[in-house]
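What follows are several structures.
What follows is a pair of complexes built around chain A, which joins chain B in one and chain C in the other.
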Partner chain A sequence: MIDAQSWLVLWKLASRNVARNRRRTALTTLAVGLGVWTSVALAAFARGISGEMADNAIYDLTGHVQVHHPDYPQDPVVSNSIPDSSAKIMQALPPGVVLGSAARVRVPAVVRSEKKATGVTLVGIDPDAEHGLSFIGDGVISGRPIEGPDDQGIVIGQKLAEHLQTALGRRVVVMSQDVNGKLAERGFRITGIFDAELEATEKAFIFCGRGTAQQLLGLGAQISEISIVGQNRDGADAIVNAVQAAVPEAAVRSWRKAAPFADALLRVQNAFLKFWFLIVVIAVSFGLINTIFMSIFERAREFGLIQSLGMRPHNVIVQVALEAFLVLLGGMVIGNCGAWLTVRALSGGVDLSRFARGMEMMGVSRVVYPTILARDIITANLFVLVLCLLGSLYPAWKASRLPILEALHRTH
Partner chain B sequence: MISLKIAWRNIWRSKRRSVLTILAVAFSCTILVFFLSLQRSSWEASVNANASIFQGHLQVQRVGYNEFPDMEKLISAAAALEAQLGSLSGVRAAGLRAFGFAVVSSAERSYGAQIVGVEPQREMLLSTIPGLIKSGGYFTPGPQHQAVIGASLAANLKVAVGDELTILGQTAQGSVAAAILKIEGIFDTGVGELDRNLIQIGLADFQELFEMPDQAHALVINLNSAAALPEVEQRIKTILGAERDLTVLNWEQLSPGLKQAIELDMSFGWLFYTSLVLIGTFSVLNTFLMSILERTREYGLLMALGLTPLRLLSTVMLESALLLGCGLLAGISCGAALVIYYGIKGFQVPGSEEIMQTFNLSTAVHPSLSVAALTLGPLMILFFGLAAALLPALRIRKISPVEALRAI
Partner chain C sequence: MTADSGAMIVTLRHVTREYGAAPNLVRAVDDISLSVERGGFVSLFGPSGSGKSTLLNLIGALDRPTNGEIELDGQRLDLLSRDELAQIRLNKIGFIFQAYNLVPVLSAVENVEFVMQLGGVPQGQCRSRAMELLAEVGLAGLEHRRPGELSGGQQQRVAVARAIVDNPALVLADEPTANLDSASAHNLLELMRDLNRSHGVTFIFSTHDKLVMESARRLIELKDGKIISDSCQASH
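And now, the complex of A and B:
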């Protein structure tokens, strides 16, 4: 419909027209840029919070994929145990897909100091396997960490120690039900105290060697769960399928099922950000359309002239749309660069200590690191480009239908 | 008056441009009004839900109990205090609670749980738990050693109404507190922490079991209206005085996490709103600028006829203010209409069920109109909009009539 040469002419016309009124072009470009900039930067901030929340939940002994006895998720007791099939699972997975797996004993228990008692979750770990998989593998610890599956000591959280009014080196009694339904009870010396990102975590878990826990509870070689950590959150579903095929008798679930709150928040956020991008684009497009209209009406004489010289109406539409495209392109460049610079400037993290307890409630630590996701950049820019171009078609169509003779008679 | 007329006519000289500008303002304004109302209502709902499920509007405790809830931090002569504060005007109900930790065992299972001593008759007015019984009932007057427990805990312990539970705890003095309880009812609040952890027993049973006669850990107070909270709080403070070692806590102190989560949400919201207003401002800035530039000749003429630059400037500002005003009025009306519509129908964010439950909220938010939500957003738009109008309007001062008359 439009040959190469016409394109070239239209392109020239459009680019020169855009350069004609510099101030107006600059202002419109800035408005578009501001829209893209705030969209991408705010999205990066929101993603920083939610990503951290999901990762905290995963690092909180959840992992990307979990393997349990089919009844364990509803009824997490000692008798719903499974044999340790870690080796079999790791063999079934292609190399490089997962960072590692950890087999744990994990049961409800009561811990009692001289002063107080409280309900906790007792976790028996093999410390070598936890490294990089959960906070306890790398947690800041005073005293010493659990040193092997048969370590006889116990490691508790800082907040729990305060709550129980006990300290490093003192003794606590741990009570839990064994496989026969009897109350198993044992004294432990506190050999280490961990410091987690979230206070709730510090209050919820106590750690001992896996072998020690198995012995206390009469589990033999059985365990409660296997937690697997892959390269990233999105790869979890593929791992679930592979693992389920390897251990068909067990219940295999991804972090989405194990940490439903984090998953729900991520999904709501996705929807909200898309909605917000749309709102921003609509706000931007009003100004853009108005500006294009003004630029058209002050050039009404010109449009009449070139059309009387033989330019077809659809070429007028293309020319005006091209002008809009150039402005949008400029705005997008400014906006994305601005957002990138903002996030770079904040790459040291934004300290939200003022809201520490509110953040804690959502499972986020006090420092947030804005993260730009490719999908946000693509969505925000695509929305701006497509919707604003569509919006520009309205004035472009008007421009193609200006009455030629009248336009030629106009003096301004 | 004539300025107003001129301004109004100027607006409608270019209809399309004015309509688009009004629409732009109205759009941002609608979004701001609706979102702010929605946000405020969901905070209010979460604060109310938080208060009504278990916490109450106000609590009197021993100083320090809230930070570190130790058994021995007790309110003594509790019944007298309850009677005194319960009779204050504005107070709907006041009831005592005592808290302890115990190992709870059924025939098959054992779990650690929080034991709460309550006064059943008063609890009906203090908490929604009595209304959330899913099987059995909420305490029958008379027999001792009844228990009402959370649904998840009941499932974990594999017990039903009528079964017996053994509890084993420790008194403040360090001696053993043990009893056999009969399950009278099972409640399901939907709040994991309560359903998993809580066992309620009669306060008298609790005081006997844990050896703390006429003592309790908290006096929970519900008001007839949350609006009276600061006033009642102040009066209780005066009554407690300094010597009794007791303190009164409001919801912000009892749930600091909730308060900060709201503040965080508010700060976040304003980041988004400000960005929207700024974008809107830039959009109209261009329009204002163009409309002044294209009328240079006209302004030159008016000035040649003797109109002072100040008068011209005020006409131009009036024009912008009228445009903004129309947009804001339209936006406030649309926003209010949306708020009223969703206030009746309920606004549900798709996929938000889990989040709402975690924060003790019903899944649909019913926004309601408030002065703050109706005015804060529009005022912000007005402020930025007028600034955007003033910037190009100041150019008028630089116009020289002779040159302007030659401009086209």
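And now, the complex of A and C:
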């Protein structure tokens, strides 16, 4: 045990020794700061990418939680439909937990213009429910959006319109299979063109009124899915449990299961960030340990002296570790401030248009907004603090084991 | 001299200290038996390499004997761990080194406080006792100077104050006047003698300095690691 008085002495010695060779201390502190800065700033950039990726997946009609017929996830056909239990679900959830829910018809279809045809997903929506929940609620750039469940028009993506060589006001034919397994076919006039963050989304979905889709497919009041959007991604599991209790007969999935690619990338990224933190910490700790060794070598006589006066070996270890702690603390302050300033400077977003195609394959937007998460700051700083302090214990132990007489006779 | 463990602060029995290995073995202390009474003012003298410093280091628990027993204030030093030896040095021994050996990042008063703080003495007491002692050794007004801002004589006075601040049973001084001019050496000797008389502190010092030898009450002469004479002088 170290008593309060000894702590005072150790703190005084450590702080003054750190201030003794200012240039060396400054360089070591900067090296630690650089390590923390790269860790936190890189994490912020990576979180920006992954956040965009996950949010895009969620905003692309996934939502935080999805409710389906149990067979729908494996076979998303019209026959795997469910009754609209949105009201029942919303009643079962505590107020404020979710932003809203949207019931949709969502089936595979073929859309054909007078020149080309392609496979798409036909989505029948209630536009009032989609606002704030999915991109279609806000993404129409020309023409008009779907105006109600019984809107007879169709809204397609900009890229799909280019692919089909069609345009606003022209007609397309949508073909799918109805509940009886017969061909359901109908002509629609293109009343709106939407723009999505990802080109793939613009090519994959076409939208009509939910009632119109139900009529086309013979679904009656049945729907394909209910999409629920909560306050944030992390709260999805709690919503899943509450919704599953309300509709035990349905399959309830969080976005992690509904968008497994995004989830897998997030997990890989978490592991990568920790690995990166570790590499940075190892590099920083080597520098730190080397500096401490130099410092101990230069002050061997003093270590001999203080031990000859009665300082116990474990107190010498604590003194050296305190010196390392002070340097680490300074470095962490510099690194965290640097990272915060970097992210602040990039708060308008980093334009990755030059890499847009590659980024889009991963579901990432053209503009990435770096995001600092408290857990990344804590993890990066804890890695640096704990591992570097552990690293400093070796030179500290060596200092405590210096033969006193030999140390006292050192000339430097 | 015969050993009486109650009256004796230090007792050595057949102590040997060897360095290196055959054929380059050096026996710095060779089978020395010795006792020093409490309150003594003892000078070890002899030519360079006679074993004075080695003997002081052994008595001061800075080194361990190759053979033999060392007893300090009733405790066998040769049987103690590193931690226990550190405790002994802290509580029972004060050191005055030839090269002053002050902690350069601490001021004069902090150097003196250092030993008390390690011993857990409350800060207020440490400061007042350290200031009092520095005044006693003639350094009033210089308490907050760092070692680099003090002369050799002043630094040695700080070292003396540090050595006695925690009321040790024994003060060991290795050539304390070697780096001082004659006036500073004389002042330092007067100071040590005063402390010996007034505080009853036992002093053992190694020296080449005739002035120091003359001031000692007991003179022990060493040569080739052995005691060749041990005599008492008339009281000064």
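Keep in mind that, in the parts below, the second predicted complex is superposed on the first by the 411 of 412 C-alpha atoms of A that agree within 3 Å, B and C clash if a C-alpha of one lies under 4 Å from a C-alpha of the other, contacts with A are read in each partner's own complex, and residues count from 1 in each chain.
As a convention for this text, contacts are C-beta pairs under 8 Å (C-beta built on N, C-alpha and C of every residue); 3 or more make two chains touch, one makes a residue touch a chain.
Note that the structure is predicted; figures quoted are calculated from it, not measured.
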### Task
Give one of first, second, both or neither to describe whether A:257 is in contact with chain B, with chain C, with both, or with none.
neither
### Message
Between chain B and chain C, whom does A:5 touch in the aligned arrangement: first, second, both, or neither?
### Response
second
### Query
In the superposed arrangement, which partner chain does A:298 touch: chain B (first), chain C (second), both, or neither?
first
### Query
A:283 contacts which: chain B (first), chain C (second), both, neither?
first
### Query
Counting only touches as set out at the top, which of chain B and chain C does A:274 meet: first, second, both, neither?
neither
### Query
Taking the superposition as given, does A:186 touch the first partner, chain B, the second, chain C, both, or neither?
neither
### Task
For A:170, select first, second, both or neither according to whether it touches chain B, chain C, the two together, or no partner.
neither
#### Entry: Partner touching more residues of chain A, whether chain B or chain C
B
#### Entry: Touched partner set for A:366, first chain B, second chain C, both or neither
neither
### Query
Touching chain A in the complex: which residues of chain C?
57, 60, 62-63, 82-83, 86-87, 89-91, 95, 97, 101, 103-106, 110, 114-115, 117-123, 126, 162
### Query
So in the complex, which bits of chain A are touching chain B?
23-24, 27-28, 30-31, 34-35, 38-39, 42, 45-46, 74-75, 77, 108-110, 112, 116-120, 162-163, 175-177, 181, 183, 260-261, 263-265, 267-268, 271-272, 276, 279-280, 282-284, 286-291, 293-294, 298, 352, 354-362, 411-412
#### Entry: Of chain B, residues touching chain A in the complex
16-17, 20-21, 23-24, 27-28, 31, 68, 70-71, 101, 103, 105, 108-113, 155-156, 169-170, 197, 256-264, 267-268, 271-272, 275-276, 278-280, 282-287, 289-290, 294, 349-355, 358-359, 408
### Touching residues on chain A, where the partner in the complex is chain C
3, 5-6, 8-9, 12-13, 16-17, 20, 301-302, 305-315, 404-405, 408
